[in-house]
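Presented below are the structures under discussion, each in the form of structure tokens.
Below, chain A partners chain B and then partners chain C, in two separate complexes.
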Partner chain A sequence: MKRLMLALSLTLSAAALTPAPVLAGATDTDEERAARWSEIKASIFGDRKVEASESAVKIDAPVRALDAALVPIGLTLADKDSVKGLYFIIDDNPSPYAAHFTFGPAADPGEIKMRVRVNNYTNVHAVVETKDGRLLESAKFVKASGGCSAPMGMSDEEAMKGMGEMRMKFVGDVQPGKPAEATLMVRHPNFSGMQMNQITRDYTPARYIQKLDVTYGDKLVFSLDGDISIASNPVINFAFKPEGQGPIKVVASDNQDGRWQHAFPVPAASN
Partner chain B sequence: MQVIARHAAFAALGLMLGAAGPADSPVNVPEPEGLYTGPQKGYTPATLKGATVIDLKGLETLLPEAPALIDVVLADRRPEGLPADRPWLPTHRSLPGAVWMPGAGVAPLAPEKEAVFLKRVAELTGGDKAKPVVTFCRPECWGSWNAGKRLIAAGYSRVHWFPPGVEGWQDDHDTAVAKPDPAWMRADNERAPQR
Partner chain C sequence: MNAPVTRRAALFGGFCLCCLPRAGFAVDAMTMEEVAPGTFIRRGFDAEATPENADGIANIGFIIGRDGVLVTESGGSLADGQWLRREIAQRTDKPIRYVMLTHVHPDHVFGAAAFRGDNPTFVGHASLRGALDARGAFYRQRLAEILGEERAGEVVYPTMEVKEGAEIDLGDRTLRLTAHGHAHTSCDLSMLDTGSGLLFPADLLFVGRIPSLDGSLLGWFKEIERLKAVGATDAVPGHGPTRVAFAPAMADLARYLSALRDETRKAVASSLPIETAVRTVALGEKDKWALFDTYNGRNVTQAYQELEWE
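Moving on to the complex of A and B:
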């Protein structure tokens, strides 16, 4: 009966032309994972249509992560000129909505890299929002567990030392007319609220970077809405258009009224 | 690698604090006399007196006997400090067919909760204390050790403790979404301590 239902639902979904990329060799598990994704999708996008498009955004993630609290994620966007925003969702994390990037006119949104926490073996989804309002999703399965509750291996005070300090690394010389790559590093424990202090046995309250605005001159590069699923000491790789004036400015704020601002001079363009 | 470093850091921390508790080393963790009342997460003994400790292979061998599978993984709690408008959608995946009683390995446990735990296991084994039972949670988790200990004390003769837990299972097998056992949760009503 179960098999029949499964076959039936697969037929139905095929009939409705709903491509389900992670349903290869469908099992009850896949069905449950698809149901989970539907639930999350509805909570984030309401009744907006999300189209499967493996080519719109490619997810690079280790199949098996070495450290579930520091899982490197690379997102490559195919048609970067049409991109308005990018969502990253870790389905089985209790707070699945990990990150939302909104790109501005100074962005070159071809690739974003970051590090996240993964609570259990799960699908992760990237959803691109295009300027004309389409939502395009792709998925990948990641094997990692315990990342949300993994303690940092130091006291909370130590973890918060230098909170809000930032560094930015530019990759090579910034050439006029060519997109430039940069890595932003923010010192912040990004406490998930699920980590137990091993000595007091209390849970450290959630304290995480909620908003990160990166601007170049008077133009926005990107604005990030973050969550407890972003790994401690956030590191974000991005690219920008080198046409701006002045430094790159970063403003970060967390959910406990922490606010930090730094400016980084862009290395002079060489001819 | 980082995970190892982290463990090493905690081991060192335990030594520094002179914590003679069983949780300060991955090796030679002695069995406590009774239930373990420390934090659920920590190094556990290699043994559980009166029970059979099984690995994945042992569990696979036992499964044809349809043992009662008792999952005691703690439920994820909404973190303090998480803004109210953030969606909080915890989910739990377990061994297919397992009965999830979140926190049933916590000690101390309210007597009425302990009674519900034993009643549920009795139902799952059809009142036959010679039926096989498997307790598990996640690796390095005292909850499943305590749950096994409780069942041994209650007279179950074929208690199996599966220390690798959900993580040890999901490498080779499918998991299924598990909802907290309704009877266990009814008795709960905000009672169970979550640590």
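Moving on to the complex of A and C:
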């Protein structure tokens, strides 16, 4: 509920600023940004302590986004064996809480890549949750504007084509004892709820992937709670421990009861 | 945005703002060129939209036929469209019968509002309406932020929708329209003037200014073949000189798109991430196009998203 209210208040203030939201956020002071982050932190983590640690998680993001509707983000985790989960937050997005990964025993959580929308000049934060319950944050400033309200395609109908289709690409050979890299691609418009229809003056209702569960054999690789800040046609790069049996299974569900499931055979090691 | 004169704005199209007769709008300094008898085109600035250029960045113009005027492109804003309308009025008192809306991009549709009072037929691709639904309001808002509300214009919908092909008769000539598959955008409309033999490919042909990809890269190659099959010698590109020899200009465009396609495919195949690809793909084309740095990375982003699903 807290999160919903936060999203709402930010949306309203953005609306009040029209017609000049392009540079909104660009002029915020460091104090204002810090205050916003404190507010967001409290809404997500309550009164838990979040320690600054630039070394625990490194954020790779373009300083200035070429395409605000598709901003590539790389997160590198220093001490991957101690990691339980990973949060990614885009402070000035209408719904800042972008993604939460929970890693399972089949994960090799050294690096995660994904694509997000960035609506404004904003700080982005990554927060690592360790197995012993610590929260470690790092931040980066990104310049972009309009990613959430920018229409993604030419029409809603077109954006819905092939919804739920998936691909999995494996990088190189999968060899026992060596973490294997993979890229999961999901066709889904991930409507942000901020894209306006000109005739009805209505917004295309938010429709986004809420949950992605990736398992290998009977073990969890990761579970992702997603939100409207994930770019359309989500693509996630991750790594797993190639010790499972059988295919990698992906179950995706969205906030409108869409549910899709696919299984991908893991390529055998070529000797 | 109170952007005074940015460096980019000051450099476009061979014009430089400091040489303008007064500190007014650059669009006032533009001139029409008669590219064929009764066919007038204004070259757009090779720039992004600025308050000074009024988003007059596309090649716009008109054909004076026996029975009336056809506007080949309406302009990038209400201000740009009004300027074009004055240029028409200086040359003919025939009625403005048709206004082409060649695709959804703002530099090609926001001038249309200037012609509403003439009650013309607004002609667009059958998919233009949906595209305007999805993007019109967003484009208008962004344009208003740059030019101001009163100069931006309104979204105008087509009143004649072309599904595959259509013909327009201006008495002394026929205009043959083709609705294209996904290429530059999802709603590209081209036109052949049987009077002059000139092809109007709109933004399926960029000359000098880097093409922008917003539809389908692979689709664009297909539509290039269809345009070639028309057999026109000369064309009026959407951006660049007002009249060019079609074959070599299209060959340049195809060369860029090929570099974009082939190098993006390579990047996808070798798991080169998108953030690296935007910095490395098609760099061999860098010196050949205006605004390369502004658009190439975005084009790679588009191409990557299309080709990674191959």
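Everything below uses one rule, namely that the second predicted complex is superposed on the first by the 238 of 271 C-alpha atoms of A that agree within 3 Å, B and C clash if a C-alpha of one lies under 4 Å from a C-alpha of the other, contacts with A are read in each partner's own complex, and residues count from 1 in each chain.
Note that a residue touches a chain if its C-beta (ideal position, glycine included) is under 8 Å from a C-beta of that chain, and two chains touch if they have at least 3 such contacts.
This is a predicted model, so every value here is computed, not measured.
Engineer: Clash or fit: chain B and chain C on chain A?
Structural biologist: clash
Engineer: Looking at A:70 after the superposition, I want to know if it touches chain B, chain C, both of them or none. Which is it: first, second, both, neither?
Structural biologist: both
Engineer: Under the stated touch criterion, which partner chain does A:78 make contact with: chain B (first), chain C (second), both, or neither?
Structural biologist: A:78 contacts neither chain B nor chain C.
Engineer: Contact-wise, after the overlay, does A:160 reach chain B, chain C, both or neither (first, second, both, neither)?
Structural biologist: A:160: touches no partner chain.
Engineer: Could you say whether A:28 touches chain B, chain C, both of them, or neither, answering first, second, both or neither?
Structural biologist: first
Engineer: Touching A:52 in the superposition: chain B (first), chain C (second), both, neither?
Structural biologist: Touch status of A:52: no partner.
Engineer: Applying the document's definition of touch, where does A:220 land relative to chain B and chain C: first, second, both, or neither?
Structural biologist: neither
Engineer: Quick one: from 8-16, 26-34, 62-70 or 152-160, give me the piece of chain C that collides with chain B in the overlay.
Structural biologist: 152-160
Engineer: Same chain A residues contacting chain B and chain C, which ones?
Structural biologist: After superposing on chain A, chain A residues 66-67, 70, 146, 150-151, 153-154, 196, 198-199, 201 contact both chain B and chain C.
Engineer: Chain A touches which residues of chain B in the complex?
Structural biologist: Going through chain B, the ones touching chain A are 1-3, 5-6, 9-10, 13, 17, 39, 41, 76-83, 86-91, 93, 96, 138, 166-167, 170-171, 174-177, 195.
Engineer: For the complex, give me every residue of chain A touching chain C.
Structural biologist: Where chain A meets chain C, its residues are 18-20, 22-23, 60, 62, 66-67, 70, 72, 74, 113, 115, 146, 149-151, 153-158, 167, 169, 171, 181, 183, 185, 187, 195-199, 201, 233, 235, 237.
Engineer: Taking the complex as given, what residues does chain A use to touch chain B?
Structural biologist: 27-29, 32, 36, 39-40, 43-44, 66-67, 69-70, 92, 94-97, 119-121, 143, 145-146, 148, 150-154, 191-194, 196, 198-199, 201, 203, 205-207, 210, 227-228, 255-256
Engineer: For the complex, which residues does chain C have touching chain A?
Structural biologist: Interface residues on chain C, with respect to chain A: 1, 104, 127, 130-138, 141-142, 144-145, 149, 155, 185-187, 215, 271, 273-275, 278, 297-298, 301, 305, 308-309.
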